[in-house]
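Structures given as structure tokens follow.
Look for chain A in each of the two complexes below; its partner is chain B in the first and chain C in the second.
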Partner chain A sequence: MSAVDWRNRWGWPWLTNIKDQGGCGSCYSFSGTGLVEAMTRIEHCVWSLRSEGDVGDAISFLFGAHSKCGGGSPEHVLQWIQANGIADPGCWSSPNSPKLAMPTPDRLGRTVRLDKYHSIGGPNIHNDMKTWIELNGPVAVCFACYPEFDDACKNDSIYIYSNPDNKPSDGHCVLIVGYDDAKAAWLVRNSWGTGWGTHGYGWFGYGQGEHGLEHHAALGVIGVWTNADPWSKRRLHNGNFYESGDGTKHRNFEVWAAGPGGVIRHYTQNGSTLAWSLTETLPEVSLPPAFHAKGYDCGGAPTVLASTYFRNYEIVYPTTGAQLRHMHYDQVGKQWSSQKPFGPTNSDGVPGFIQIDVGAPGNFEVVVRCSTGTLENWWRDNVGNGGVWAKRSSFGNGILLSGATVVQRWAAGGNPGVNVPAGLDLVCVTDHHTMQRWWRNDPNTMHWAPCETFGAHVHSPPVMIRSQFGATNETIPGDYELCVAVSGLIEHWWTPGNPEPTLQSLNGTTAKWAQIAKFGTNVAGRHVKQVLGLMQSSYGFHLELVAELDNGKLQHFSRDGSGWHAKTVF
Partner chain B sequence: MADSGPNDQNPAPLHGRGCDLTLIPKAADMPPTDLKEFLGVDSANPFLRALRIERGFLKVDGLPRELTLAAPLDSAALAKLREQQK
Partner chain C sequence: MNIESRTLVLGTRVLVTLAGLGAAGYRWSAAVDDPAIVSVEGVALASGPDVRPPGASRDEAFALLALAVGETKVRFVQARSFEPGGEPNAVREMRVRVVDARLVGAHEK
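Coming up: the complex of A and B.
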């Protein structure tokens, strides 16, 4: 006797909130989409809400139905996702209308990709589905659905076919997200809203012949066949560290670091062997003042992201000429390109650099310290002004260090609710060697306001991410995790997601940061000089960190269920 | 039973459906699935990796050692980690 329930396993939630197809005949799309969504979460530990409308419109066009509400097969959905990926609802939503898809122009950079899928059938399908669900994840199934099913599964009751009035059936598709031998039933996730069954879920009795869930072949996706998009992972990393979708298991780690002579080196950890290697040295760039000469000009730690431009890598780094330079790696053309230096002419710090949820492709935002002790906010309007960097504001004083700490608050891009202020957050180091959070009030004034201070004796730049911790579903912001080197060791701090912005502006509260670890002792006899990158990886919500040691080498640290551990020096 | 469409005796269902069951193969018509082929691959999810090893689908020998040593981070472990050095 065994039981599995993917709504909560090992204390973690794995399924997005229940959806509602309304009166649209699109269960096939919800079932196939839900399968990819669940398997991406289970394999990569990231919420990755997908759009049934994105795939449904194309399916209806390709397979001949008059609209996505005209019915279909989840296998067609998976075939289409395998060829085209599947975007998030922010790219194209419209799950319940017959509109044709008009996704945002950056769709290719915000799609979860799928290598393949498998049809589960044969004489042993009952046991095979149970094993698949236990050791991998949910499966998509279709069945003959009778009107009595509309009112079934209330209060955890088990649906058993009866149909006393001999009413006709329609085909319907759901996800099986668990089972319970004690109940002799499958746990199904329906797409009829939370009012159906028990909060949208229901128990469906085993067997039942042609009326059961084992009568037709099921569809499954092995976790490593999913490839999460950079948009879903955009707040899970900061600094010079990123988990790309490359490699056969779509979990390679990528690190970019400044080397001697102004070069930037790109290192990769193979997601299968976990071995680190030097991938490349980034090409020379055109140097000022005349830009005829080629050379290298990296003068400090780069900050990197993968953008919605075709999953391109985008790097902003401080130059040896006290400005910033933006380079990007074109994933289509497979080459690096650089722009002329931009930003303050007295730039003196690690740049914070993110792509935000405003515009499509989303705008870039940079914040960096100037040698005068102020911070400057620069941005690139990726829709309106042809990719030109422009200064937005200058703020603060007495700033000692900036870092790769810029994070977008949850409600940014409009729609801020009460006590859910939108905007950006960052953490810098003051000349009192404490850390301080700053909040940009979007979309209202866009002014930066100083918030709480925490920590002491800080002489190196921090790195901050928004993790998946605390994000009990896809609508809830995850916690902030911050790491910083202090006196040769690394301090790990956190605060719950979307901290209150300032002491004055809301209800008198402020964020409470807690230091929960100090680590990095005796790493090859070396001390930690600076944290360069931080991310949350596919490996079961583990945190991953890259630091520079006092001998210039790079050290990978990882936090699993037993705490932080030193890994490879490279 | 074939769908004859809604009428007075059989009103439209409360909720949308949308599956053409003629497109879905019967399980009995499908070849059996070799689960070892599919579940013998590693997962980044340490809970699933441990289960696949325990159930004999995944061989430890083929895995990087540090993967087999990593302690899974369940919600209880996270709470404990966050209690440290408060």
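Coming up: the complex of A and C.
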């Protein structure tokens, strides 16, 4: 006797909120899409809401003359996702009607990719489905759905076919997200809203021949066949550290770090062997003032992201000429390109650099310290001005260090009905060697306001992310996680992200930071000089960190359920 | 909303077919303002081989039986039984006039 329930397993939620197909015959799309969504979450530990409309619109054209609301096959859905990926609803909306939606122009950088899927059928389908669900995750199924199913499964009751009036059935598709031998039933996730069954879920009795869930083949996806998009992961990493979709398991770690002579080196941890290696040295760039000469000009820690431009890598780094430079790796052309330096001419710090959810492709935002002790916010309007960086604002004083700490909040703020402040947060180091959070009030004043201070004796730049901790579903903001080197060791700080901290006054907020760990290198005689990158990875929600040691080498640290562990030096 | 009009001859029975959405949890129900004039009951359509893909729903049908001469309104609502008070997906109203065939014939003469 065994039971599996993917709504909550090992203390973590794995399924997005229940959806509603409304008056559209698109259950097949919800079933196939829900499968990819669940398996991406299970494998990569990230909420990755997908759009049934994306695939549904295409299915309408490719697999039948009818609209997406006229029924279809989950297998066709998976075939289409395998060939084209599937975008998020912000990229491709999903109206519950035959009306076709239009994607944003950066769809190719916002799709979860799928290597393949598997069909589970044959005489052992019952046991094979149970094994698959236990070892891998949910499966998509279709069945003969009778009118009595409308009011079935309330209060965790188990649906057993009876149909005394011999009413005809319609084909319907759902996702099986668990089973319970004690109940002799499958746990199904329907797409009829939370009013159906028990909050949208229901128990469906085993067997039942042609009326049951084992009558037709089920479809499954192994987690490593999913490849999460950078847009879904954008808040989960910062600094020079990123988990890419490369490698056979789509979980390679990528690190970019400044090397001698102004070079930037790219290191990769193979997601299968876990071995670190030097992947490349980034190419020379055109150097000012005339830009005829080629050379290297990296003058400090780079900050990296993967953008919605085809999953391109984007790097902003401080130059030896006290400015910033933006380079990107074109995933289509497989080559690096660099732009001329931009930003303040007295730049003096680690740049915060993110792509935000404004415009499509989303705008880039950079905040960096100037030698005068102020911070400057620069941005690149990726829709309106052809990729030109421009200064947005200058703020603060007495700033000692900036860091890779800029993060965007969840809420589309400024909405009085929501009453949740949106915008950007960052943490910098003051000349009192404490850390201070700043908040940009988007989309209202767009002004940066100083918030709470915390920590002491800080002489190195921090790195901050928004994690999956506390994000109990895809709409709930995750916690703030911050790591910083202090006196040769690393301090890990956090504050809850839900609700987002509110600004009570210009000098105080409700955010209360707590230091939950202090750890260091396991290399004899070595100390941590600076934290360079932080992320939450596919490996069981582990936090991963890259730091620079006082001998110039890099070290990987990882935090699992038992705490932080020093890993490879490379 | 457009209201259809139909004229039935007393004692006759006509079939009204409505596009189904059973695979999305929606069912049609019918209500008559004056059940002494017209009665309505759901009927099962003859089902041949099912070649529709999952998600596509069977049409639903109702039989209208003209019981007495007069005029009444029949209202069809497509809604989910598990969402009481929820918005219906579709509503269709029909004004039904029941006439006596003998009188119609006499008038035409």
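A few notes on this one:
As a working rule, the second predicted complex is superposed on the first by the 544 of 570 C-alpha atoms of A that agree within 3 Å, B and C clash if a C-alpha of one lies under 4 Å from a C-alpha of the other, contacts with A are read in each partner's own complex, and residues count from 1 in each chain.
Convention: a contact is a pair of C-beta atoms (placed from the backbone, for glycine too) under 8 Å apart; a residue touches a chain by one contact, two chains touch by 3 or more.
Here the structure is a predicted model, which means the values were calculated and not measured.
For the composite obtained by overlaying on chain A, chain B and chain C cannot both be accommodated without a clash.
When the two structures are aligned on the shared chain, A:S538 is found in touch with chain B, with no touch to chain C. In the superposition on chain A, contact of A:R311 is made with neither chain B nor chain C. When the two structures are aligned on the shared chain, A:G71 is found in touch with chain B and with chain C. When the two structures are aligned on the shared chain, A:C145 is found in touch with chain B and with chain C.
When the shared chain is aligned, chain B and chain C each come close enough to touch A:C173. Applying the stated contact rule after C-alpha superposition, one finds that A:I516 touches chain B and leaves chain C untouched.
Of the residues of chain A, those at positions 21-29, 69-74, 142, 145, 147, 150-151, 166-173, 192, 196 touch chain B in one of the two structures and chain C in the other. Residues of chain A touching chain B in their complex: 9-12, 21-29, 31, 42-45, 69-76, 118-125, 128, 131-132, 134-136, 142, 144-145, 147, 150-151, 166-173, 192, 196, 214-218, 220, 222-224, 249, 251, 271-274, 469, 494, 514-518, 537-542, 558-563, 567.
Within the complex formed with chain A, the chain C residues making contact are 20-27, 44-45, 47, 50, 52-58, 78, 80-83, 86, 89-90.
Interface residues of chain B, counted against chain A in their complex, comprise 1-4, 10, 13-21, 23-33, 35, 38-39, 41-48, 51-52, 55, 57, 64, 66-67, 70-78, 81-86. Contact residues of chain A toward chain C in the complex are 21-29, 64, 66, 69-74, 142, 145, 147, 150-151, 154, 166-173, 192-193, 195-197.
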